[in-house]
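For reference, the structure I am asking about is given below.
By written order: A, B, C, D, E and F. Residues from 1 in each chain.
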Amino acid sequence: MSFFGMGNNNQAVNPQNIAMAEQEVEMMSDIFNRIVRSCQEKCINNKYHEADLTKGESVCIDRCVAKYFEVNQKLSEHMQKRGEARGGM
Amino acid sequence: MSFFGMGNNNQAVNPQNIAMAEQEVEMMSDIFNRIVRSCQEKCINNKYHEADLTKGESVCIDRCVAKYFEVNQKLSEHMQKRGEARGGM
Amino acid sequence: MSFFGMGNNNQAVNPQNIAMAEQEVEMMSDIFNRIVRSCQEKCINNKYHEADLTKGESVCIDRCVAKYFEVNQKLSEHMQKRGEARGGM
Amino acid sequence: MERLNAKEQEALGQVLEAKQLKEYLRMYSTLTQNCFKDCVQDFTTNKLSKKEGECIIKCAEKFLKHSERVGQRFAEFNAKQMSS
Amino acid sequence: MERLNAKEQEALGQVLEAKQLKEYLRMYSTLTQNCFKDCVQDFTTNKLSKKEGECIIKCAEKFLKHSERVGQRFAEFNAKQMSS
Amino acid sequence: MERLNAKEQEALGQVLEAKQLKEYLRMYSTLTQNCFKDCVQDFTTNKLSKKEGECIIKCAEKFLKHSERVGQRFAEFNAKQMSS
């Protein structure tokens, strides 16, 4: 490939890099969808009296997202500690 | 491609056509599965006194499918209007 | 194939074999995940008073898994009979 | 779909056959999970009771008939859409 | 992401574009299913009532605004994570 | 599985390793979502309370032990199936 690329081979496409970046994007999108679902359950009144978010709903969403991230962080640390205690993943 | 195909190139397989048709089938199957689930919740008594659909359940299913399609249509139009108002998807 | 393989043909990689084994693993993992979810709903108190499984929860899980497999078996037989009665899947 | 040529339709057919098997297996797993949820409530024993077993079969039959009926309405609707 | 070279970023861009379309369709299907569930309760007729139709639109609007707001908080959080 | 030759088993091993990582991440995301749902109810503040934090850890531990126990019963059952 360096033969054809003639020096710009650092511009070759490594499919593994693409696959890894793709997986990263997929994971972010999975988390995002789960937060949307979770915070909808917690904050949105399903009577739909109006099309806009109420003040209460908006504030609830902001706090809900923050708390979801905190839970995520807390569990990530917990899983790591747990994995180390068992000596492995 | 016409060079290699020599006249029968309208019979060459274009992978993109397959992929698009595949995605179309996947979308149909996704909608179908969602209707099955939604109308089961709305119409089927989960006590299962008998193996057959009752008259009431059958009628409910027919109306439920019709209403689901109407909702789908209504929202498709709404999303399009919304997209246009914002100048793009 | 034994003609071309000349002795070591039993060591060639057949992608279809891999794909089939992969699908088998996927199916097992899908069933496992459904049992985890189902038996969690049936057996685990979602108040989380303690981090360990109680004696009652543990016994419930064992019975739940056994019953899930029995249901799976029963339905597999039922579907087969149903398929035969209709002359094909 | 009618945009595909004969060879493409053949190739698509093979792809769809694999998909159909997968869909069937998924439907079967969902059926099992749903009927387990609705019919099995007693965990004082590890064997299905007669009543639970009957409920499972009725549940499966009802679900399959439900799916078929939805499928019929679905097909009619799509046919109407195509022709309009 | 910053580990990718220009050509790889271009290749990734094409992959993501297809993914984005899929995500949009999935979101739209979920929206439809949820609003149907919350707004349509009457099966004595096969036409949406005026009230059901209004509920559907409000539900969709609220869900979209909810998603957008979650998206903003999500982006802020990721930006903060990157810079720390 | 025993139908696969050594090279195929090796190839399968690589495929499964990637799958296993994906499964682990999926399990972790589900865990997070479930424990968030069951433990976090108060949105008058944007910080977890001490009680919520403790609930999250207990919930995670219980879920992991539950999964392990189901895994044991699952493996036993499959071993029995194979030998019969």
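Definition applied: contacts are C-beta pairs under 8 Å (C-beta built on N, C-alpha and C of every residue); 3 or more make two chains touch, one makes a residue touch a chain.
Every value quoted in this text rests on a predicted model; they were computed, and no experiment measured them.
Using the contact threshold fixed earlier, the set of chains in contact with both chain D and chain E is B. The minimum number of touch steps separating chain B from chain F is 3.
In this assembly, C is the chain whose CA centroid lies farthest from the centroid of chain E. When the interfaces B-E and B-D are ranked by C-beta pairs in contact, the top one is B-D. Farthest chain from chain D (centres taken as the mean of C-alpha atoms): A.
Between chain A and chain F the centroid-to-centroid distance comes to 18 Å (mean Cα coordinates, whole Å).
Note on chain placement: the centre of chain E and the centre of chain F lie 27 Å apart, centres being C-alpha means.
In chain C, the positions touching at least two other chains are 43, 62, 66.
Listed for chain E are residues 39, 57, each touching two or more other chains. Viewed as a network of touching protein chains, the structure reduces to one closed ring of chains, two contacts apiece. Touching chains close into a ring; read starting at chain B and passing to chain E, it gives B, E, A, F, C, D. Within the complex formed with chain C, the residues of chain F that make contact are 1, 3-8, 11-12, 15-16, 19, 23, 38-39, 55, 57-59, 61-63, 65-67, 69-71, 73-74, 77-78. Across the complex, chain C is touched by residues 22, 24-26, 28-29, 31-33, 35-37, 39-41, 43-48, 52-53, 56-57, 60, 64 of chain D. In the complex of the two chains, the chain B residues touching chain E come out as 23, 27, 30-31, 34, 37-38, 41-43, 59-60, 62-64, 66-68, 70-72, 74-76, 78-79, 82, 89.
Residues 10-14, 17-18, 21-22, 24-26, 28-29, 32, 35-36, 39-40, 43-44, 46, 48-53, 57-58, 61-62, 65-66, 69 of chain A are the ones that touch chain E when the two sit in their complex.
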